[in-house]
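First chain written, first letter: the chains are A, B, C and D, and each begins at residue 1.
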Amino acid sequence: MTQATTRIERATSPWLARYREVRARSVALTASLSAEDCALQSMPDASPAKWHLAHTTWFFETFVVAPHDPQYRTYDPAFRVLFNSYYNGIGDQHPRAERGLVSRPSHDEVLAYRAHVDDAMRARCDAAQDDAALASLIELGLNHEEQHQELIVTDMLHLFSRNPARPALCGGDDHRRESVPLQWIGCPAGIVHIGHAGEAFAFDNEGPRHRVWLEPFELASRPVSNAEFIAFIDDGGYRRPELWLSLGWDAVKARGWTAPLYWNFDGRWRAFGPHGMTDVDPHAPVRHISLFEADAYARWADARLPTEFEWEVLAGRSLDVGTRSGLGPHAHAAAASVAGLLGPRPVTGARADWRIGDVWEWTSSSYAPYPGFRPSPGAIGEYNGKFMCNQYVLRGASAATAPSHARVTYRNFFPADTRWQFCGVRLARDAR
Amino acid sequence: MTQATTRIERATSPWLARYREVRARSVALTASLSAEDCALQSMPDASPAKWHLAHTTWFFETFVVAPHDPQYRTYDPAFRVLFNSYYNGIGDQHPRAERGLVSRPSHDEVLAYRAHVDDAMRARCDAAQDDAALASLIELGLNHEEQHQELIVTDMLHLFSRNPARPALCGGDDHRRESVPLQWIGCPAGIVHIGHAGEAFAFDNEGPRHRVWLEPFELASRPVSNAEFIAFIDDGGYRRPELWLSLGWDAVKARGWTAPLYWNFDGRWRAFGPHGMTDVDPHAPVRHISLFEADAYARWADARLPTEFEWEVLAGRSLDVGTRSGLGPHAHAAAASVAGLLGPRPVTGARADWRIGDVWEWTSSSYAPYPGFRPSPGAIGEYNGKFMCNQYVLRGASAATAPSHARVTYRNFFPADTRWQFCGVRLARDAR
Amino acid sequence: MTQATTRIERATSPWLARYREVRARSVALTASLSAEDCALQSMPDASPAKWHLAHTTWFFETFVVAPHDPQYRTYDPAFRVLFNSYYNGIGDQHPRAERGLVSRPSHDEVLAYRAHVDDAMRARCDAAQDDAALASLIELGLNHEEQHQELIVTDMLHLFSRNPARPALCGGDDHRRESVPLQWIGCPAGIVHIGHAGEAFAFDNEGPRHRVWLEPFELASRPVSNAEFIAFIDDGGYRRPELWLSLGWDAVKARGWTAPLYWNFDGRWRAFGPHGMTDVDPHAPVRHISLFEADAYARWADARLPTEFEWEVLAGRSLDVGTRSGLGPHAHAAAASVAGLLGPRPVTGARADWRIGDVWEWTSSSYAPYPGFRPSPGAIGEYNGKFMCNQYVLRGASAATAPSHARVTYRNFFPADTRWQFCGVRLARDAR
Amino acid sequence: MTQATTRIERATSPWLARYREVRARSVALTASLSAEDCALQSMPDASPAKWHLAHTTWFFETFVVAPHDPQYRTYDPAFRVLFNSYYNGIGDQHPRAERGLVSRPSHDEVLAYRAHVDDAMRARCDAAQDDAALASLIELGLNHEEQHQELIVTDMLHLFSRNPARPALCGGDDHRRESVPLQWIGCPAGIVHIGHAGEAFAFDNEGPRHRVWLEPFELASRPVSNAEFIAFIDDGGYRRPELWLSLGWDAVKARGWTAPLYWNFDGRWRAFGPHGMTDVDPHAPVRHISLFEADAYARWADARLPTEFEWEVLAGRSLDVGTRSGLGPHAHAAAASVAGLLGPRPVTGARADWRIGDVWEWTSSSYAPYPGFRPSPGAIGEYNGKFMCNQYVLRGASAATAPSHARVTYRNFFPADTRWQFCGVRLARDAR
């Protein structure tokens, strides 16, 4: 009888269904990995998959369960520090660079921790139906977890890239792309409205919606392809300082960059990716490039990077109404594994020639608050605001991004030298 | 007879007069320093005064004399590398961090180098009267040298701060300021025009003039004072992570910041400055703070940093016509020494309460190209454009800035952790 | 029938029995650890336990099986690089600091690799009965593996020390020691013979046996105890530069040393060890100290470190004949787990008061070749010789040392700042 | 009258004459350098010449004048910290790496400081005639200053090597050597006496005199020549790991060593030295090599480095009585400039074929205390003893060494990777 009741309760909460779906996907993404795979950390910027599984759980425990459930029994008080990423408002944090020194709790124990919090979240999901603030927190936690799902993929990819055996992260083959001609799509000067509006979820950094004046410009209809980027390399792109920002040229020299991250030339260009080492697909968007490389390519191509405002305006006009807040019918079910996640991603828009969703696209916009932006009070306010310095905005979405995140107002951000993310570039130019 | 002719020629060229005036001021700034003082380098960001004297000369030799005078005899071919700061288009550069390893050429030889190039510049100054492009290069070279005059002061100050004896850079006393109440000056929403227009000289990064939409805002009538900043310190400002950008908090912890650079507490706050160690003047604008400290102070004060556009608009309206491109009747003659340079700087404006000119003021604006910006072709195009990454714009002028630079469109820029410059902060807030 | 034959063959080879015993002990030491535990690396000096299991196998495969068995099928060619520690004569090596980035091969696969090589070693063990050179290589491989068994313990201990939960490496309690009075044992001046002689196994660095002149000296009958070392701390030992070597004092300041590694003071001294955090046992020998701390303690105690020659001579005289090449009846069976390994270690000697075997004892002797020393030709010659620079000799044995290694001629060696090994100190002084 | 009296007093003190001679030589060595030259520091290991001039003065002021002259007026209390090298017993020290940030006191002021202390030393030199302890301190101070004279040469050489113009430290040409055949000089096994004995000055680290047993060995009659070292380079010496100590091979790879310091190949080998860039003299001893290179060369040559005991014994037998404590009639007067200092150095010995005095010769002996060594009490005891870790002994003398230091018991010492000193190598081998 209890079970039947429970089943009915579950049925009544759409929050619970969504919660379970998102949570299950995180575990599914690591299903083909061993506990060893999930425990290692390849650099301070990347975290072990086990840490991601635990931290996202910590987020629900800390911000949703503990403050709202006086009966809640903390799973392990040590986790408060161990799985706190950067919330000074909560307290101390285990050093980021040492996340890979923690073999215990074990992978299994982290899964048990997930189950413990999931159990406690059932009541919260029910209560969220009548509590908008709580619902908002749960929604934030789920979007947060979806962000970490992409990081699980990129961080594991980086770890495996440091293994001389270059193991594949998932089975199957990378799908090959067709050649798509580049078109220029124009936009006249004028005041535009930028930022999120409406009831649907968005991160705080996507608002407030506000006005921006834009000079006339044009954007490419698709990101730069590998074939195009190889032409840049072949033209001495990595050896010509006049093409680079000063910091970019410093990076080229100091780190010996001669191609995108994970690329290797042995007669032909090969690249390491989720499917292991494969030939570089000439028609696929170039990825694993820093803002410096994106900017140098653009200068070489007599173009420039778009601003995030230019990108948002034109993406908003090029995608149809149904996909403005999501990049198409990408099935959630398919994402139940890394291979599923990375499968072909059909994008339909008002303009058939507008391509998006394979790579995050660097913009020239420094990550900064929109006019009137105020972070939430308390520790949750540390989510986005305190990082608005020395980072650049990326727009779009990559093949590893949760589909629901691929809305036109979404602001991803990373330092200019970041390469381990799925970062590419779309050209812009002043209208002529 | 030759002398008489020369004297007449000199009299005919206003360029020569200006050239001599600016060049003489550089030497005057180092007149009270020894050759040893001028040879040392205290950190990679700062250069020896001797290097500044040589590099500014190299600039005229490389960009003005050599390309326009086929008869010109290069003073020393090795200087092409030794005194090239960062122009890849010219060729290799002596490493920036090793400028302090060069005892030879000696100080006297650098002065001889200056005389040699000054001699060759006479004919160029004459020719500039009929050659707008040449005149423009000379103008750039002079403004360039005036920028380095400020760096001579800030870099020497940093060097002397590392000497346990804390020697004074110049004699005399720092003038004390009167208390000035802070007022808020508002600006309504609307489209504004930003950037340099007209015939007067401006750096390339000040244009093109273009439109920007601004939401309504208010700016403080004067920069934050030392007394106000001490209140922030006393309120635990350097110990409260919630006030800081994430990178700022990292800097506070890693570098042990507890006060502005050069400050020391021994019962009362003392600070090292051009006049040696002195009591902190409560009414003077706080200086030697990073953007991180400026931003934390603003958050603590329930305000924010201005954008560079907000600053430019309100400064343009608050200064009268005569001072929009210069901050008042600051006499050039007075700047013939460091002490003269740093004397009281009367600023008159359309609004008597608008204060400016003591410190550079951090803005929240990342240093980025204006729409349509294109650097000049060739090596001279490296002057500004390639640094538009991970730096933030400062507006205004400091007591060590050449008066003619203190125009409302001038964009100074430094990385967010910069403290050895004369950097302060003016508060902004959204209009209510 | 084949089985029966095999069984008989096995029975005939003492090499096989010994091989199996040693190899089994390595696996037993990690039996209570998870695959995650064994995959992590806490610093470049320490290696993952999985790497130790694989590298010791690689040693047999590379130096014993492959050169002697033309039929041998290499398990995985990539292992030639991956598990090569430092043998340039064999070829490239996976970078030492990146041993912890290798989640694959998995722990299970490394065990399979062990089984594969163990299988091939059966025939080599048989052949060794009639091939002294082969037998010598096998003996070297077994002693090599026993060295790595100690490293498994010390490296795991270091890893666990970096885990905030401070997990115990093994169950049970550390045994408590009785107070033992310190006695001084003297030795007159004269020529002594140093180094290994005879048929029993020794590493190449233990010979050639040669003469050394010693001035008269005295050695303490036992290592310095924790209680004694606490007296040094309490007397300001870590705050008095006059007690320290210059490099030692630099280390104290730069690394903030205030006690031995793993020690923590919370009202009383606690230390992390194989059994987790426990009270410091006052009567146990102090351990986890660098040579710098050993030397500072000795200076504080108006004594000095022994030379390795003084140690060898007096240890040889103090231990009876039966234990000169082994420190007593410590049962191999007991070492089948970490807890067993670390149990009480009774030492009987000619002198009942001579204590040894708990900690490695720093000597003042720089690790250098004995007169006439020549490394073996080929890659195996890299075993010891090339490390004879900037390291210091330790004598004795720790609780984690294979009993057979605890002979009086054994030369352990580490850099002077090493603390994660079980290092302690015995005092010496000039005879009076 | 006062003058006459003074002249008589001076005449009565041999200490004063020697004091003045040594002190004058330090100033003479920098006579051809500018204040700028003397103020710069090229690396933490090297100090500005001005610092050497001041520190040697500080030594007399601190250890001789101040403790013995109650009337003495300290020249500047800040110098107590500023020019303290490493004596913790005296107090704090200005950071070694920041000696080049001190433009004030100026060069002239340092000379005034020297004059002030020289003045005060007059009475101490007189008093020393009847005070053996005082005389001993003065003698130490003079030997200390002579050590710094060599450092002035090596440190200036390093500074000038970092100047792209590669200025010569002194005029004139390097004298060319004649080819000298290498002979092997043998020594039978036995007990030898090592260390200083007698009344003449020696540093504390040269004693106590004690016995050492030596196995039979042979030493080369002269150091390795440049021609011989070039053969090592040409045979791939810098590319063959089997020739190198492990730390040495690390250094070769990390620092890109392909030849001795200051060498450059442009069709033929050129080297930077006191006379500027010159062709490498094939017959001159190779210099500016680390212990690692010395050791690799020896291994390549099927030989080894001598121990410091072997060197001392054979040098003592090969030099005649008159030069056992000094390497010949090298005129002090000639050393009144860098060029004079570095002139040809005739060495006569009991064996005409024994060559010494051009380069310090690396030995395989770690720098360690002799049996019974006890540093002096107090700060002066920090002179040598606390550096006896991770350094190796060099024997002999270089062309820049004070002649009186070139005695057979003198122990120079540096870390194994040191190259900016005048370091070379003499081969040894076991007797056959």
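Assume contacts are C-beta pairs under 8 Å (C-beta built on N, C-alpha and C of every residue); 3 or more make two chains touch, one makes a residue touch a chain.
Owing to the predicted nature of the structure, the values given are computational and were not obtained by experimental measurement.
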Relative to chain B, the most remote chain by C-alpha centroid is chain C
Round to the nearest whole Å and give the separation of the Cα centres of chain C and chain D.
39
Any idea how many Å lie between the Cα centroids of chain A and chain C?
47
If you average the CA atoms of chain A and of chain D, how many Å lie between those two points?
61
Sequence positions of chain A contacting 2 or more other chains
none
What's the contact topology between the chains, one of line, ring, star, complete, other?
ring
Chain-chain contacts as defined at top
A-B, A-C, B-D, C-D
Touching residues on chain D, where the partner in the complex is chain C
86, 88-89, 191, 210-213, 215, 241-242, 244-249, 291-292, 295, 364-366, 368-369, 371-372, 382, 386-390, 416, 430
Which bits of chain B are touching chain D when the two form their complex?
34-37, 39-40, 42, 78, 81-82, 94, 98, 100-107, 159, 162-165, 167
